[in-house]
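Below you'll find the structures, each written out as structure tokens.
Both of the next two complexes hold chain A, though its partner changes from chain B to chain C.
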Partner chain A sequence: MAKEIKPPRIRISRRIKKDKVIKVKVKFNHPSFTGLAMADDTSEPVFNRVRPVTFIRNMLVYYGEDLVSRLRIASGIADNPLFVFKLKATKEADIKVVFIDNFGKKWEASKKVKFKG
Partner chain B sequence: MKNIEDFTRRKFLNYSMVGGVALPLLSLMNCQNVAHGGVFQTAKDLENMTDLEQMHVPKISLPPVVEDGSQASIVCSVDHPMDEDHYIKSIQIMNFADPVVIKGKFYLTPDNGEAYISTQIRLSGGDGTVWVVTECNQHGKWAAFKNVSVAAGGC
Partner chain C sequence: MKFFIRTCVSCFFFAVFVSSSIMAETLEEEFKIEGIISLASIKALQSELPKKLDLKIIDLDLKKTNSGWPVLRVQYNSDLITKDKIEAVIGEIEDPAGHFYKVHNGPLVANAELSEEEIQVMSVMGDVVGFSEVKNPTIDFETSVKRGEESFKKNCAKCHGLNGNGYGVVAHGFTTWPKQLWVWNGADSGADGYLFWILENGKSDMPPWGLVMSEEERWDLINYIKTIKKPEGI
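Presenting the complex of A and B:
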């Protein structure tokens, strides 16, 4: 039986000041394979598809209600990737990240931005 | 059928004459789409970059030698303002030596505050060149590359 894929995890700083740019780290344990293998080790690199391709196709980042970033991913991204990007903390609202894989399955996670200091 | 019958020898000669004059003139025009970056622009001299180049050419952080090609960490950033009317629209990571050339394209908005993305990519074994292309909403596409040698391919 295939291992169940858990929702992504978001990490942000605990000390966030208004209008400062913060780093958002998103870890998603999702398998990713191109499904390709070298046809022959001795010849030129010729790849054959030996198993179905599996990868995360889209990552959507919402801040409050607004879609602030979007990542279109191919199977060239590593297994269990960690994405780090930046966001301007303009309001106290949820950061929501939605992942959609190439089979159309969806996972999401959210984290509240709270100002301190 | 009626249209073909109306197409007289005189009309044919007129159209040929207009085409013959217009086509060479079109080739003289600068067709490069500066606003949307029909072609990639790169830094002409990496030692002495102009202000525009410094602002747009992406910075790539990728080790020159990667042991495991299935988990190559890459950081791409651009020192560019993220204002409402002038910002980086996207960052794209590519490697033409791999069977999967485009690794991903990150679309940004001014709400991001900074054009920055860090992730891990798959690279096939041997020597390759990783290209990062950024797109500014006013100044088009800008590219930078980094040569990488991968010990164990990860594709």
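Presenting the complex of A and C:
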């Protein structure tokens, strides 16, 4: 039986000042497979389908209520990808990241941005 | 009298035997197989399956397949084995790499319908921004369509097929089948901006042709695509 896919994890700095640009790291352990393999590479290359394709289709990033980014992803993505992006910390609010895979399954995680100093 | 009864009984059993042997049909069935990753996988399946079930493997073909999945063709006696039993036994056989085979019954490519959230997000940013404002600047459509046809054969037919059926020579290698282009046949000017956007930015496995083609070349292609008709008999 396939392992259950756990929700993504978000890491941000603990010392955030207002209007500073912060780095957001998102780790999501999700398998990715094009579904294809080269079955016969001896005589003539033959690609065939090995198992159903699996990949993350969309990544949505919300900051508070606002949608700040959407990544459209295809089957070429790595297994268990790590996304790093920069964000201007304009308000104390949740950063929410939503992943949707090609089967329509959805995972999400959020982290609160708090100002210090 | 005894002789007569014996003859009748033997005739009865003979008839039952003959009818049962006629009823026992030899069937041929095709199975799409998941999990064939190498030549060793093919050999393993071909040798293991007849050991476990009384059937004959006719073919396990990687090349003559319309769906991209390797097709296993077997011949079996329907009295002794059922299709479900064969599927179950295939699922029990282990590949040399350590995983199990499976009969593929699902859709060709699993790509679920977009969720409400995704559609809402795409309307805010991404796929459909501002396409309706783009207008087709072509004046001489006839020349443009001719140029578009040349460009289509050179750049698009490998994936979309020469007649736009989506079964180009390299289409098997994609996660989603290329679009059947005759859906745009006779589309009104409202579709122009959308097609232009897709050509420019790419979609699914299609690369962004905006990086390679000039605007004029893209409009030529769009004009040609809108003339592609669905061939008869498809």
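Here is the rule we go by: the second predicted complex is superposed on the first by the 111 of 117 C-alpha atoms of A that agree within 3 Å, B and C clash if a C-alpha of one lies under 4 Å from a C-alpha of the other, contacts with A are read in each partner's own complex, and residues count from 1 in each chain.
Keep this in mind: contacts are C-beta pairs under 8 Å (C-beta built on N, C-alpha and C of every residue); 3 or more make two chains touch, one makes a residue touch a chain.
If you're wondering where the values come from, they're calculated on a predicted model, not measured in any experiment.
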I'd like to know which partner A:90 touches here: chain B for first, chain C for second, both or neither. first
Check whether A:103 is in contact with chain B, with chain C, with both or with neither, and answer first, second, both or neither. second
For A:21, decide between first (touching chain B), second (touching chain C), both and neither. first
In the superposed arrangement, which partner chain does A:36 touch: chain B (first), chain C (second), both, or neither? both
Is A:50 in contact with chain B, with chain C, with both, or with neither (first, second, both, neither)? second
Does the superposition put A:77 against chain B (first), chain C (second), both, or neither? first
Tell me the contact category for A:63 with respect to chain B and chain C: first, second, both or neither. first
Going by the contact definition given at the top, which residues of chain A touch chain B in one complex and chain C in the other? 34, 36, 47, 67, 70, 72, 74-75
Provide the residue numbers of chain A that touch chain B in the complex, in ascending order. 21, 32, 34, 36, 38, 45, 47, 63, 66-79, 81-88, 90
What residues on chain B touch chain A, complex-wise? 70-72, 75, 82, 95, 98-114, 116-122, 124, 126, 153-155
Chain C partner, complex, touching residues on chain A are 34-37, 39-40, 42, 46-55, 57-58, 60, 67, 70, 72, 74-75, 98, 100, 102-104, 106
So, in the complex, the side of chain C touching chain A is made of residues 34-39, 41-42, 62-63, 65, 67-70, 102, 104, 106, 109-113, 115, 117-118, 121-122, 124-127, 172-173, 175, 204-205
